[in-house]
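Both complexes below contain chain A, partnered by chain B and then by chain C.
The block that comes next holds the complex of A and B.
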């Protein structure tokens, strides 16, 4: 963890512009062209919309992770939180449709609560967030296995699953619009609004320089705690969509935390905080998903997914780092 | 991070040993009441075996964390090392030394890559080593479905299962490696430079320390330790295991052991003796719960809580010291 170098004001403006969404849009455009060459059908509204719907969970997680990262912390617990939520939902609903809405509420409250605990332990007890959320990861995985005796129990109701796999049918022009996509658009709009509000500016300021923020009267601990709560909430929504789309398993959220962090960094957000936009983070997640789709089209083995993910993240970060240091 | 300590072992008895003594005392009492025996031959041996594997990785991890870096790729390096070693040996005693050499060389190569990415390309260590880890994961997932190769019988008999009284040879290896790393940190220029970089890279650079070279060396040593742990695990399992590193959570647990051992995650403060204390603490909790036949999943919950609590206590202490 290297200390972030503070640049003088004019340079910092350049940097924030450099950390904008243009590079990730360029990568996205290149990938779209590659996809179009190989599989032109993919760009037709129905398949494109269902792709966006499928990508909704990881994009939501990236947005949640963005809030935490831009405030200068990490959240490694989101993958295990998603798993825990999916398994808990199945057991609580137990295939009883009437329990759908109460359980959705329970999941949202649960996600916010886990975020609150992460935030308070990190800010009030001064435990590095890496350790806090790693501990939370172990606790959640252990607890969920313990609670279900090693195998998921119960089942999700069709009412619950529809968020992840049903769609508005027969929409003019577009055809089929997945519910997940609508949820994604609503959350994305809320996230953008939030980052444009006073809170958003405070959040970035806290990540950029907590000391200065503190001295200007910002309650740093409260701001960071809220960021963790937002990440927990995003994980809850992602879990609802994922549970619906791919069903109940202990692997539901495995590895999603690193996926979300990769996406955020790919979207031009600096680890350590203070730089990057939530739109960039979400576009980063979309790019990553598109890349995996592209690999499918070109017949690359699924086992190599992580190699590609690793290579992409290294190249993206190295290139942006070189650009900064050449200034 | 004010006031750089050039003496990594300034506090020779970190709080982790107090915690370890307490845990062992309470654990012994509870197990005794439960009608079991905590310190019989077989539990002690298995405790030390667990500690040896995690310990080797954590000792290496201490080096990079002290220097203000971090290595998330160790779990994959470890898995890779078991495979390289076991496949090269292929059950032949004659190939023992070349296989160990090759496994360590491959590991060192990964460490070199990590180090260069962190220093020359200035990629955040978290991202750089995560990226390298993912590269290796893809290679392992793509090439291996299950165990492969076969460890030389002579290695299995010695490093894997031989012991001196209740102390396994592998734990002796851990003690030797820890001693060497302790000496390096407290008595050599490299060690002092590494701690100085972890304390404040800019000040270290201005004082004439070659930051890049020192950090790259630390990363290579860290990967070598993970590679050594891989050879040990290959000797325990009798073959190469492509998922052993990740399933054992060696990446995250080694970092947890380092931090429980009193090394600051931000670098510049701590030492390798504390890390071994942290490893033995984690292994002891494991052994106590095994004796009490506590559910494995409950064990994990407690583990997570202990890691957070331990670090919270350190943070509280540091805060109090800053106030006074």
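The block that comes next holds the complex of A and C.
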């Protein structure tokens, strides 16, 4: 018999890192140092917590996008889904506080439904998810314009907006804790638990090798469809927070899908699926937001945002490609 | 046949090739004269395809020389070989279905007039070319997708001739043809011979080889066993050349008469795209070997039982109950497990941990009844029992050796307590130590009451492990052999030299 196999040293280092959160934590730490140098106040609890609250929507979207990407697919529809949700919420609530909770329910169901359609079209009709969700993106943009005759109508109730803009005041030590941050923490905890469950492990396996998964009894199409539903739900929650924070406009969700994908890739999740953690994806989103804040502090034009995002996505994918192929 | 042969068209001397340290070809000599049909036969894995790829420029040989029409050649790729006059007709055609015959024939070297494709000239030349090989019934402007398989093959051949092929390689050209189409192909091949084209003919089917070829070269384990004049040999002699290794390794004891339990699985008239009228019975406690050549339907049989590519006709029973598994999930619920032949492509999830791989099927199909922790403990025990060697069970499975990966896959299935186990080439690409461990395990599972079906191309393994052997040919059961059968028996049934069908 052979002796116990040990991977050679470089491989083992790679193994401990590949798809892990160490690289993104390192990047995050560097950015924090740079922020501290320029703007020490930023790291004080009140401003830090409010930063986290502001970042909650993109972090939630990154978590939703993670489920889809790790299963080997894409969801480009989340940005326009957020916009649609915000506009729909404003019109349905029409500034009537009593409609707040029913509309929240409608948004969650609507988000799940859009995800379900994305998932079924991708898995059952075998349309590549890139195309499916691009189509959904356009459908939602058009539908929202049509439905609102070109200008958002109605208005959000104060009740509704508090999720995105209010906070628990006078919390000991921390001071002001935004509701959005609490929502984020709860959803993040659920996401982590989900990824540790049988479903989560199976989801990653599907992204890694759908043939193997199928032959091991995994209902591949159902698993992937659920991932799309989760992404739609995440978009609904993000829409509720964003609507509250920045109000109603056709730009509410513009570009968020690319932000989320960039964040997920930055967080060490392999495009094509099968590798990476949801914590990494969320840290990726946080890092991205911090980077934009930092650019702000250093007086870099906001116009560079999408350029920076594009560069990050290219570099991150290239780096992960090199890391995984150099074995 | 016995007239002095003209100067050879193709001369191979001492061709050797290794992949990842495994010697696939070793010192192979071969020559083909103009107008000769030279057949190359051998078992699965004998090196036929590799040799053909070397001749047609797909691979560069590690050793040896290729001479074409007296000139030494080192092809830099398939196009280079084509330019030198070597054409290859693969089993799978390389045609554009939406284009016409002429467009396919002249693809990439269309006749040009004033910078534009001269369609009329192209059609005319194609007509001439087809007429020259006696294929006048095939219109040059027909869309290839509308043609039958036999006619598409003619287009492939015309394509090679348009590039002035002097040597044509045909890899199992009759595999997808109906009987009357085979006759037409024979005629075409004779006309090609008359034009002085040398033909290298690879086939499993000995009957055809005898009909067509002038000489036969037998390959075994990457070496040339012999080259004989077809007129001077018999099918039996060829089969003896193709097999005949000594049994070098030990196999666990077979099932005794008392070990065989009740019938677990029956297939009656099972058929689908790849199988026809398969009858089969599998008992608890036995290892049923399934032999046959590549493409004979062995994997298709396992996949049909497992619901991955279900039977469309016939019936299947498990423990006497009729069942129609439409998916692997359904088959797994009925107690069936399938260890696939393609471990990398569909056996493992390469970037997940050993533990995640071993838990995959349990997680997918059965909710943890006794708790997740208990299930994990059990799977860890199984991993230890099959002696997986890994740093720890958190290690990604892709870093394990093939044998250890296979053991993890076995643990995945054992966790489900399957009553019927389908093994497809369970020891392919696995080192010797792990191989015998897997043999022992397979036998132990049978002894503990599982019904085992084992597909193997490794004849010593098939003979050494099986209590009975069913041999498939062309999607049908060609016959059944008892324990103690010889390699010759299996190969004879697989290539169809005998017709002692036991249907």
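What we mean here is this: the second predicted complex is superposed on the first by the 304 of 327 C-alpha atoms of A that agree within 3 Å, B and C clash if a C-alpha of one lies under 4 Å from a C-alpha of the other, contacts with A are read in each partner's own complex, and residues count from 1 in each chain.
Quick note on the criterion: a contact is a pair of C-beta atoms (placed from the backbone, for glycine too) under 8 Å apart; a residue touches a chain by one contact, two chains touch by 3 or more.
Just so we're clear, the structure is a prediction, and the values are computed from it rather than from any experiment.
Peer 1: For the three-chain arrangement built by superposition, which of chain B and chain C touches the greater number of chain A residues?
Peer 2: The partner with more contacted residues on chain A is B.
Peer 1: Tell me the contact category for A:213 with respect to chain B and chain C: first, second, both or neither.
Peer 2: second
Peer 1: Tell me which partner A:275 touches in the superposition: chain B (first), chain C (second), both or neither.
Peer 2: It touches chain C, and chain B stays clear.
Peer 1: Given the touch rule stated above, what does A:132 touch, chain B (first), chain C (second), both, or neither?
Peer 2: Touch partner of A:132: chain B, not chain C.
Peer 1: Does chain B (first) or chain C (second) touch A:21, or do both, or does neither?
Peer 2: neither
Peer 1: If you stack the two complexes on chain A, which partner ends up touching A:288: first (chain B), second (chain C), both, or neither?
Peer 2: A:288 contacts neither chain B nor chain C.
Peer 1: So, A:156: does it touch chain B (first), chain C (second), both, or neither?
Peer 2: neither
Peer 1: Thinking of the overlay built on chain A, is A:202 touched by chain B (first), by chain C (second), by both, or by neither?
Peer 2: In the superposition, A:202 touches chain C alone.
Peer 1: Under the contact rule defined above, give the chain A residues that sit at the interface with chain B and also at the interface with chain C.
Peer 2: Touching chain B in the first complex and chain C in the second, residues 1-3 of chain A appear in both lists.
Peer 1: Quick one: in the complex, what on chain B touches chain A?
Peer 2: 68-70, 117, 121-128, 130-139, 141-142, 200-202, 252, 255-256, 259, 265-267, 295, 297-305, 307-308, 311-312, 315-316, 318-319
Peer 1: Inside the complex, what are the residues of chain A that reach chain C?
Peer 2: Touch list, chain A to chain C: 1-7, 11-12, 15, 18-19, 198, 201-202, 204-205, 208-209, 211-219, 274-275, 327.
Peer 1: Considering the complex alone, what residue numbers of chain A touch chain B?
Peer 2: It comes out as residues 1-3, 74, 121, 125-128, 130-132, 134-143, 145-146, 150, 258, 261-262, 265, 271-272, 301, 303-311, 313-314, 317-318, 321-322, 325.
Peer 1: Given the complex with chain A, which residues does chain C contribute to the contact?
Peer 2: 306, 308, 327-329, 332, 338, 340, 345-352, 356, 359-361, 363-365, 367-368, 372, 387, 389-391, 395-396, 398-401, 404, 412, 431, 433
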